[in-house]
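Each of the next two complexes has chain A plus one more chain, namely chain B in the first and chain C in the second.
Showing the complex of A and B:
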């Protein structure tokens, strides 16, 4: 059966997926707020709109991280084997990649949530 | 299972003779033309260490001045130069270079390679660093050192009355050293990804390699914004382009952004390699594998990423919107998670093993304790309201020294104690080491802990003296006493290194009973690995019996050097399967000449000596082209060579399989980051002004679009040339020649926009920004022309053929980035003013 979710990718770069999502989310929040607060006078929507939009971005980012975590979990064989994954085999190398990616997804998830907290509590471009 | 080689003693002796002659370090004064990683790493390390001692003396001078109130030991101006140089030298000439040194020295042995892929690039980096460092440090003896603080904030640092030539020395001297750092990053990334011993899959890599891979990646994204900032800064100082001058639309805050986008990751760039040393030391002295290998990878990668989300926490008091501060505050707290993970991993490893408390462990553990205190005050100052109180006080001085000395200096000393036998074959003294440790540990805490308190009592940093009645006297006196005790500890350590050591009986390559591969190397031989082993474990010396004997008996790969050339293995990224026998550059003057000439460019620029600048630039260009022409993409005598164990591998590969392609790719990622920083500057000015063009004419849309089209044509012609070359079609030369013409036209069209619209870069920040971005793109166009011409010449000379096409593959890759740069440049400059109007 063909899987909807992409097949396992043989690459080092998948390791960095979740942190990259964090980076995009973080820069998106920073840039959106910086531009809005600088140009608020010439814009005809309020800060609430920015917060909502960034809230949406946060949800998207979290979803992407969860997807990355799922793929990593799958690559880790759904937890079928325990670390340290130090056997000289392709299988252990794959399991290691899966596990490390899963851990990074967790960290990135927390970091995205951290970055989103100010959106709940701060309601204007106070300087 | 491959069958290992088996050689008679006579065969082995002959192999060793050949290997020895190929990897021989030249004698006499030609010693300095050596490019071997063990020499370059050693010189690099010793130089960085010497700069550290110099900067330490400046620190002592400052402490002596601050010992008592109203002291007049040194003048305010000398004090300003001393603290600026202290910070600058410690960060740029010690903290970053020492890790490059350690990496260049250790990595090949840890990875099981004979050499990193670009030894001459390492040599170039070292000579650049040496020259730039002497230039920057020497300035204080002519009373012209930079004096505006190590982060050189404008408008103070752009004020020519206050900051004389010192600011230029800082900007140009350090830009030069940043080039060296990026060179090292390229070397390290390609080395770790492609030069590991066969079988060393990514789940087998030594921890040190994981950390260094991340750190080198961070350098690629952190240093270029500072280079972009340096360009803007120097244009303002040299030609009065008002990037940071508020009266003409500039804004000093842009410098702060660019500086700290570099400056904060920088802290982790120096911290992670030091922790990487700990990750090698702790398992050895716990006599067991590290607990939580994957968690360390999480910590390294996580810290690497998150550290880029922290830069504004240096700017909490600049009046940015509070929500922006909150984002950075959140990220600053988040980074404590991966940092904590790595410390817990070390503790867990120690708990799970039997700890031997040797000198390296003392320094390591002491450093971690100090670092943890610095980390905790870091969590405090990451909270914006606390930072508003503590900003620019001695609390910050205390915090940053706890972080850097605990997180970087102590582990480096631990590393030197640990690896000293690896370098020289002899251990340092345990008794001296313990004395040095306790002097340093006690002296450090006595020196820096009171600074927290003087800071909380309001003592600002960077004051050269203070009145008696403020209540800071005792803290300062104690700090000074502590600083001198600390210095006595450092002196003890230095004496221990320098004192003559008794001859050791017998040969013990692995005095600490470590498990990692580097300890198989014999410091008496310059070939590194006698034969490149097959790795099946994270701690091969512990878990692969007979490894040492088999390596030394030449039973693994590349046991011989029949070609008379320096060779190492290239393996695949994930599973480390052998794919190429790489020939690396040997002894040569050319890296030194290139570095000295490039240094001449930067030094001459500092003093506005235009003619010498141009002469040095031409020498640099000739030297680099000569270097490439004679040293890279050499057509081999045979397509494949025997690498031992019955395997034959290609010598020449091109495209993404080759190390050169990767080096180009990585360099261009860094280059792209610098370009992105300039574009960030453009939009930054757009946000700070209601009308960012302030009515000044723009470059129009016509010329930028013409330039864009011509650059695209030149790019397409380069791609066509590559395809024609691959088919052996003579039209390749025609396409390259046409490409050169198109690029020349594109550069001229690019300049035509701002030129014909009379944009005066000194009048306002808008024309200045447009000019600087156009010039950036045109300079890249000029480099593109040199590359196209180079390929054309190589083709005519028969050095680039259908089969051997590395040159044009790499040049095409450059042109992909060039095209991308041109699209962004001309779309932004030509079209954005219309959109925003």
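Showing the complex of A and C:
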């Protein structure tokens, strides 16, 4: 069966996937709320719409990070070998990258959840 | 101590007695006394005098207790690890690191963050326009506070400096501004701080739930005399506050001789006294200066000698102050002006 996800990823860019998703989510949340609150008087919809949209963005971001974590876990051999993977070989380099990506994905997951917590508690724009 | 003598949040004396019985000895007593001396007084976030400050203190104690529990658990684990002879596998150690070093802290921080964010509206209440009865505009300037009381239409009723009066039990809505650099308005006993940024007006609502005199400070470094930029907040009964607002708009009696010396030496070019020819707007308004409890933005006691000293050499008290020194004036003139200001109502 042909997999949608590539069997092997050789690029270093996979390492940055999860932090990039976090950065986009962070900027998206702050920019959306700031722009909405600045223009609220001239807009037809309430803050609930912004809250819902950003909730959707949060779910998408978390899904992207989980996918990144899964690929990293696979690259790490599903935990078959223990770190530190510091031999000067192609295999160790791949395993190290997989492990580092997995850790970064975990960190990014938590960061996205933390950035989304105020969405639950924000009552409305103050003006 | 506050006006009613209460300080329920923290009781230094109890803790000192406790340590005196313990084996830590006199050094512990000294340490406790020093570290807890900030738990009460007119300038303590741990001795709240209003609902906003109470929430801040509550947040502090929740975070403190959570921190103590986590710290104790870590130290207990450290002691256990150093004394236990049993050898654990690397896999077990890895599991402990994963759970205690990553997963549990993330969950605990999530809970504390949620609590902090949930508390935020109470810490920083928002007063709708129609409920902003007591509006006070405060402008931070190097190194003093220009205070203007506004009427319902937003017009200035009168101006004063370095002292704010608010009614007990009623929210006061502050409009915070700055003209030179960034300052920050902070009355620890009444609430959290709010920055004063040139070109912006930041709103802050504070309420005192008991009468008293509370100290406020500038909480953002603003220059040489940043640490000497303080003010007082007097929380008085609503009736007394209303009477004071009316009374302050009517010029009180002036000592003619003192006023003449004040004007002759050009003080009125920078300072204003309502009902007189002194109408300068550069320095602090001096109307009812005699009612203030302190001098030079909470820096000196309000005595005639200190007023004379400050007029002569303000730079010696407040480095970087914009007021030039007047030590070259005849001594009698300085004394007369100091006496005039001390009694100015």
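Simple rule for what comes next: the second predicted complex is superposed on the first by the 125 of 127 C-alpha atoms of A that agree within 3 Å, B and C clash if a C-alpha of one lies under 4 Å from a C-alpha of the other, contacts with A are read in each partner's own complex, and residues count from 1 in each chain.
As a working rule, a residue touches a chain if its C-beta (ideal position, glycine included) is under 8 Å from a C-beta of that chain, and two chains touch if they have at least 3 such contacts.
A quick note: this is a predicted structure, and the numbers were derived from the prediction, not measured.
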- [ ] Scan A:126 for contacts with chain B and chain C and give back first, second, both or neither.
- [x] both
TODO: Check the residue A:12 against both partner chains and state whether it touches chain B (first), chain C (second), both, or neither.
DONE: first
Open item on the list: A:59 in the overlay: touching chain B, chain C, both, or neither? Say first, second, both or neither.
Closed with: neither
Task: First (chain B), second (chain C), both or neither touched by A:114 - done: both
Task: More chain A residues in contact [chain B versus chain C] - done: B
- [ ] For chain A, give the residues common to its interface with chain B and its interface with chain C.
- [x] 110, 114, 117-118, 121, 126
TODO: Can you check the complex and tell me which residues of chain C touch chain A?
DONE: 90, 102, 106, 109-110, 113-114, 117-118, 120-121, 126
Task: Of chain A, residues touching chain B in the complex - done: 10-12, 15-16, 19-20, 22-23, 26, 29-30, 33-35, 37-39, 41-42, 83-86, 88, 90, 92-93, 96-97, 99-100, 103-104, 107-108, 110-111, 114-115, 117-119, 121-122, 125-127
Task: Of all residues in chain B, those that touch chain A in their complex - done: 193, 199, 201-204, 289, 292-295, 297-298, 301-302, 304-306, 308-309, 319-324, 326-331, 333-334, 337-338, 535-538, 573-575, 687-688, 690
- [ ] Name, in rising order, each residue of chain A that touches chain C in their complex.
- [x] 82, 106, 110, 113-114, 117-118, 120-121, 123, 126
